[in-house]
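Below are the structure tokens for one structure; questions will follow.
Chains here go by letter, A, B, C, D, E and F, matching the order in which they are written, and residues are numbered from 1 within each.
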Amino acid sequence: MKDIYISDVAAFDEGRSFDSYFLVLAKQQRLTKTNKPYLNLMLGDRTGQIEGRIWDPADPRIAKDFEKGDIVKARGSASRFDERVQMKIDQLRVALPGEVEKSDLLPATTYDVDALWNELISTIGCFTNGDLKRLLLLMLEEPAMRAAYREAPAARQLHHAWLGGLLEHVVSLLRLADRVAAHYPLLDRDLLLTGVILHDIGKTRELSWVVGFDYTVEGILLGHIQFGVDMVNRAIDTLPGFPERLRTLVVHMILAHHGKLEFGSPKLPMIPEALVLNFVDDLDAKMQAMQTEYDKCEREGKSGEEMTGKVWSLDNRQLLHTRKWLAGEKK
Amino acid sequence: MKDIYISDVAAFDEGRSFDSYFLVLAKQQRLTKTNKPYLNLMLGDRTGQIEGRIWDPADPRIAKDFEKGDIVKARGSASRFDERVQMKIDQLRVALPGEVEKSDLLPATTYDVDALWNELISTIGCFTNGDLKRLLLLMLEEPAMRAAYREAPAARQLHHAWLGGLLEHVVSLLRLADRVAAHYPLLDRDLLLTGVILHDIGKTRELSWVVGFDYTVEGILLGHIQFGVDMVNRAIDTLPGFPERLRTLVVHMILAHHGKLEFGSPKLPMIPEALVLNFVDDLDAKMQAMQTEYDKCEREGKSGEEMTGKVWSLDNRQLLHTRKWLAGEKK
Amino acid sequence: MKDIYISDVAAFDEGRSFDSYFLVLAKQQRLTKTNKPYLNLMLGDRTGQIEGRIWDPADPRIAKDFEKGDIVKARGSASRFDERVQMKIDQLRVALPGEVEKSDLLPATTYDVDALWNELISTIGCFTNGDLKRLLLLMLEEPAMRAAYREAPAARQLHHAWLGGLLEHVVSLLRLADRVAAHYPLLDRDLLLTGVILHDIGKTRELSWVVGFDYTVEGILLGHIQFGVDMVNRAIDTLPGFPERLRTLVVHMILAHHGKLEFGSPKLPMIPEALVLNFVDDLDAKMQAMQTEYDKCEREGKSGEEMTGKVWSLDNRQLLHTRKWLAGEKK
Amino acid sequence: MKDIYISDVAAFDEGRSFDSYFLVLAKQQRLTKTNKPYLNLMLGDRTGQIEGRIWDPADPRIAKDFEKGDIVKARGSASRFDERVQMKIDQLRVALPGEVEKSDLLPATTYDVDALWNELISTIGCFTNGDLKRLLLLMLEEPAMRAAYREAPAARQLHHAWLGGLLEHVVSLLRLADRVAAHYPLLDRDLLLTGVILHDIGKTRELSWVVGFDYTVEGILLGHIQFGVDMVNRAIDTLPGFPERLRTLVVHMILAHHGKLEFGSPKLPMIPEALVLNFVDDLDAKMQAMQTEYDKCEREGKSGEEMTGKVWSLDNRQLLHTRKWLAGEKK
Amino acid sequence: MKDIYISDVAAFDEGRSFDSYFLVLAKQQRLTKTNKPYLNLMLGDRTGQIEGRIWDPADPRIAKDFEKGDIVKARGSASRFDERVQMKIDQLRVALPGEVEKSDLLPATTYDVDALWNELISTIGCFTNGDLKRLLLLMLEEPAMRAAYREAPAARQLHHAWLGGLLEHVVSLLRLADRVAAHYPLLDRDLLLTGVILHDIGKTRELSWVVGFDYTVEGILLGHIQFGVDMVNRAIDTLPGFPERLRTLVVHMILAHHGKLEFGSPKLPMIPEALVLNFVDDLDAKMQAMQTEYDKCEREGKSGEEMTGKVWSLDNRQLLHTRKWLAGEKK
Amino acid sequence: MKDIYISDVAAFDEGRSFDSYFLVLAKQQRLTKTNKPYLNLMLGDRTGQIEGRIWDPADPRIAKDFEKGDIVKARGSASRFDERVQMKIDQLRVALPGEVEKSDLLPATTYDVDALWNELISTIGCFTNGDLKRLLLLMLEEPAMRAAYREAPAARQLHHAWLGGLLEHVVSLLRLADRVAAHYPLLDRDLLLTGVILHDIGKTRELSWVVGFDYTVEGILLGHIQFGVDMVNRAIDTLPGFPERLRTLVVHMILAHHGKLEFGSPKLPMIPEALVLNFVDDLDAKMQAMQTEYDKCEREGKSGEEMTGKVWSLDNRQLLHTRKWLAGEKK
């Protein structure tokens, strides 16, 4: 079990000793000014990253065979360099399977994954469209997909970039899309919700989340839209009698969900359900990006009296926290 | 009372006589090939427009003093020219006040304006933010504004281009925004709904809807965003103790509601409420544009088996009617 | 057999009688000024289109049951209206199967389709990469695909918009790409040629060429890129041992062949073969568009002393015919 | 009185003692490597900025209660770190009111503010349009506005970013616009000059220049265009008989002065005076940006034989100094 | 001498006889509905264009050998077709040299060309820079260039599209640039004015104004910027001792005068004189386009109470006539 | 002769002594922390750049009079600072003419320049168009141009940025263009190849390659397109009887070779030869940029299992090495 996190170390006194479990994100051999080899590591856990230095790699207390991607247990002390905290490592060994939870080593959703999953499955259960219900249950209850869908992040860096982020994003969208569907009678609710559930399913192949979050080579070459369409087509092929036109519309919704060609959708939304899917997806991503920026300001102790810095994922605009700023007005 | 509408005339036999009330949208004197003067009129009612010709303007049965903008009663007969129906006019007089309803002469909402208005006012009545409630009621219950707000179209040509269109659009947005506010705890619901109610209030000055729908000169030079901000500022000036920061945020929401500089908003949305206002406004306009296109196809007897034509207000994309197309699949 | 073509009729004297086979591209009932019904047809053959009028649809010599898409034999006479030639139709019947060649009714390649096809197949036969050879032969020798690939146009309106246009475009590209592959040792020739052969294969589903050339509903919603990827994936699924990475690259080439996101490719070319495919495809389309414009000027009797009109498919630029203009210089 | 400036310190020997007045631009408490607290200050005067360090904040010679924005008198010595000069501070107290001129602490115009102001007022005095003359004098002679207008910078960073920069920019524009008005008889000179005087008046609220130059929160949310329009509307409201159409045109000129929607003007210039205002404003800003770059090269001792670096505010173009380069040609 | 102009004919009664001189802008042989040949002409003079029909080309009173570009004397009568006036021609002969002034046949400046020319030459005469003075006089006093420069239009369609338009535009710019040079001491006045005089000199080769105004083939392929640079380079080559750097700056000003790459300038302005040249050129073109639109409204009898239509050359914006609109306000 | 290169020094032990020849790319005097002057140099050879420090410039073993641009022989020792290797210099003298090859000091093509040149000249020798052959030989055999054309880089930083790069790029394009010309009968091969040979000839004046690779002032102000056109025009002026239209087309090809206005071509390609020139030039530059990136990855020991980093000159896309990646697939 892990009880010390990287976010704790910032407050440690210079030289204080500690040990903990980490994920090895990078490992490089370098030379000191006097040409002696040393190891420079980048270690991560779910709260952040810290540089680690092993000045004597030949020390018998240092494991010889660990690599990028391994989980290790390291002992050492805090040191400061240019205001940043580093870890000087004296002992290091590879962790045994089961010694530590993966969710301690990568950032993860703060929601209960089982509860989110149950909400997703029970929403599907209430579909009146039997074809779509069959399709979704077939895809999501396949064990490997079920595991991946529950664990995948929704992005590498932008919104919902944490374990379970995909599921969290989809469930938020399901609730929001359900409200919008109730507002516009024109909409086919089950088709819209199917689009919500499947639009980013290809991220389970586009992203890898074993050693930090990154794109796979296939993901960069083909993209999650393509993966999603392919998964849907293969699933439908196994469902006799699934209407061909319904397949076309489901695939269209996945293709068009980025809303514009220059955002990587090869087609514009041409049915109301595809239009709404693009809107709620975009809105939810932007609302989450705003919330993330406000949380960051909160952690940094900012008062809410000023605009935030420029937020890259929101066209470099600055933000204001409505409630805090209104509350700060002098009477 | 008006009982014959322009949309009826298309079906009339050549030469059939009729009379009705019309709004004079344009009036020009021209010469025939033999250099005799005649009058060419463009007449309108709530169902469309028709060209009218008066071959003998000196006839005593033709009023001398009518102008563009007048409501007239005209008698004549249907004639065809290049597949289009025209009206050959034999008699024409200016209508008396009260002889005909304005709503017969311009297209109007199909909803009950009183019901929409009551929903709007009672929504405001439930606000917990007393400042915003005071501001909105002050503005909307001022009699001239009340009349204009209930009658204005929401646009000249695009979405909700009919009498009562502004109110219809706002009430639809209120319901939608209320649903979104319930989904995101970050949002200040009353502030968001205030933005919904005020974002297009300047259209009551930007547009004129006396003789068809058109922009005023001031509307072209300044725009409804500017008018709306000005109205809000003047109203708040009369409300002692209204918080200055709240004023700033309300004005910001109006300024930013088009979402992008190139769409005429001088500022990007920088608070969550402004972001959501832009999204729901944009979504509702696009959903209404889709519905309008589907209705047009319906009227034209199209089957739903094919894509619509290119829709200018939706980036020239073609649309498909989900339900009709799915229903048309051969088993 | 058809012996009179629409392009011949322009030279006919007013009133000259003739008969021929046509494809019915459109059929509408209209009313004369005196409210009598008549039929307005748009008739086509491989040389162009002509309007046809049937003033007495009840005449027993006029078939009752023909529709848009039918092939008909019509007899009538040439008439002129506003400088344009029309056909006044006196007799019309639906043609019997086999009475006329389809290639007489739609514009078609001037090349020998069998020769083009043999060149394509023998090029594949010389591949050193056995996996790609297997894949291509599997796909192209499937009878329905073979028929469609030999017959499809390459576009609805722009370049190679004629029967066999796809095959003609692909074979031109094969030769050109082969030359480029010989120039750059970096290129994997077989992979590049595979991209050439498969990049537009989805047009066999995106376009229909039964009644003129048009997009299918599925084609508008999904696009030929998506169809092509799907066809390739299904074919590879039946080939045991086909390398997964090779599949990824073939699919990437199809996805990226438009070269830019705003042209509908969801990915930019990221391997040299995809880059070259995009260049030769774009170059060949533009060279063909230039040739088409020069041919049009030739037919219109233009001298080559002046620039052409603005060519829409080439960013509205005007063109000059190099050889003609140089030859026209006065010594 | 201040007699040592930050620009002087660069030339000081390591360790040389000095004292002077500074504006505190930032103040942060930090920890040394041995975890002792120290203060890190950013100090400014009109010639630039310098970092100051107080290694023993508990020293009784260091004031306890100073904050960001205070003017202080500090004594210490010059030290170098990574080629940059810092100030090691031994004594520090808050300055008494009047001890030092604000103009010594922030960069300021090199022109005589009174002379500029008199030119502005006397130009207005010569207006033949009494309404505009009344409006401008009412606004500018209001004491708080008068003070702000004489002191405000014209920008945070780009052109005229110094105290008095707004007034300097406006007077330069007045002269230039007067010349242009004399050239085009179409122009209403008084209206054009009114636009010049009022177009940036909202910068007195958009910017703050107490602690360096920065945007206010309200400035970021609403912008100087909105502030300017609001000020003009309120002023006109107090002028009985001011023509409404004239108000519309003055407001239009302020709204449209950035010339394009994507530059933050919600309307394009639609009257000649608004078009000219946009041109002269843009030209003067760019000429000033060029001059600033040439001055910088001059200070850095560049010869004029080469292009300048890329100038961010001029689309990253490089510049050449015409006269210097021509003069450098070898005969 | 020509005493009847095309603008007069609009008011003629049907059938009224007249004769006048015209420029033949186009000549086509066509067939009547009964297949008899007739000639369709487009005739022009400085006030506009009129269609002319010769129903019997074999009539001995009709010259046989006239062509597009010839000046002819025609006699005939006014007739009306679809509201437009045409000329039915009974007699036609080619005009003798000197029978009519070219300025009667193409629209021309309303200014005195000699006066404009003298102002241009005397401005050059006052240059203090002897090199530039020599260069300009050499170029402009070359007889063929002198004639072309005095006669050329400044554009085919947009601003100053009339004989003498180039000279008129340049002299207006000279005065304006002189005012701007007096305002900014940074500017080298003689260099700026040289840029003004030479920037469009290539239009004398880009445009032809013999038969209406049109681009030459070489003009479309190379453009007036390229021609201007070439002319300047050749002229300087004949001036021994002309400074090379001065040549570079003059050429740079011509290259950069459109201000942006996408407007056809291959370089951005990088010296102040080039920047100012681009501004005054752009401003003068836009002011002239505004004036042209106001003149058109004046001719059409519009009141000034409304916005103009959308003006294509001004980004489709609508305009308002300041003075007329202000004067129309009801007291 | 030079036997130690900068790329070798990275592997030297701290303090190891060596000497070699270098090009002085920059020379600055600075002060140490204790205010003693020292010299900071940037030294280059064909393998890269290294910082050099002379701590005692007054040492008699250090030459006094060397400048930026000189070739020097320096002796000193390797030292490390922040992971980067520097050279501490103890002795330095200016090299004698002929002591070292220029090609040792700047990066240069790996091809045999004589062979490339002979291929170029013999290609021209085979032209059937005598005018173009005369023109090209006249230009290229002029001794100064011959020397410059053989030595010039093709760019400062992007593709072919090495001595001989222009010639290498042109010969690659000649072969490629020859293949394309053989494919499209529409093309005038000699004209196309002439465009290839001349399109970048202006780079011999736009770039300087004496001290590293840089733009000349004239190059930045006018550009290589302008220089190329000017050189061609001057050469043709000396060739009596050269057809004017052929001149126009050659100049057009140079003007249009960047393909788009926003890339600095003032005209779009309007003849097939200009279109093809733009395509092959663009393709060759991009293929070379890809090859350069793959070579860099090779040198850095990357495996080919991952995408490269984002490549700036290819729109920031990432690349994959086709063959390496395919070869890496696990069976």
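Everything below uses one rule, namely that a residue touches a chain if its C-beta (ideal position, glycine included) is under 8 Å from a C-beta of that chain, and two chains touch if they have at least 3 such contacts.
Every value quoted in this text rests on a predicted model; they were computed, and no experiment measured them.
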Any chain in contact with chain A as well as chain C: B, F
Which listed pair, A-C, C-F or C-E, duplicates the contacts of D-E in over half of its pairs: C-F
Copies chain A and chain F - rotation angle from C-alpha fit, nearest 5 degrees: 120
Chain centre separation (chain B, chain E; CA means) in Å: 44
Where chain C touches two or more other chains, by residue: 217, 220-221, 249, 270, 307, 318, 320, 325
Touching chain combinations (by label order): A-B, A-C, A-D, A-F, B-C, B-D, B-E, C-E, C-F, D-E, D-F, E-F
List of chain C residues in touch with chain B within their complex: 30, 33-35, 217, 220-221
Touch list for chain B against partner chain A, complex: 172, 175-176, 179-180, 182-184, 186, 188, 191, 243-246, 249, 268-273, 275-276, 279, 282-283, 286-287, 290-291, 294, 307, 315, 317-323, 325-326, 328-329
Chain A-touching residues of chain F, taken from the complex the two chains share: 13-14, 80, 83, 305-307, 318, 320, 325
Interfacial residue positions of chain F with respect to chain E in the complex: 217-218, 220-223, 225-226, 229-230, 233, 248-249, 251-252, 255, 261-267, 270
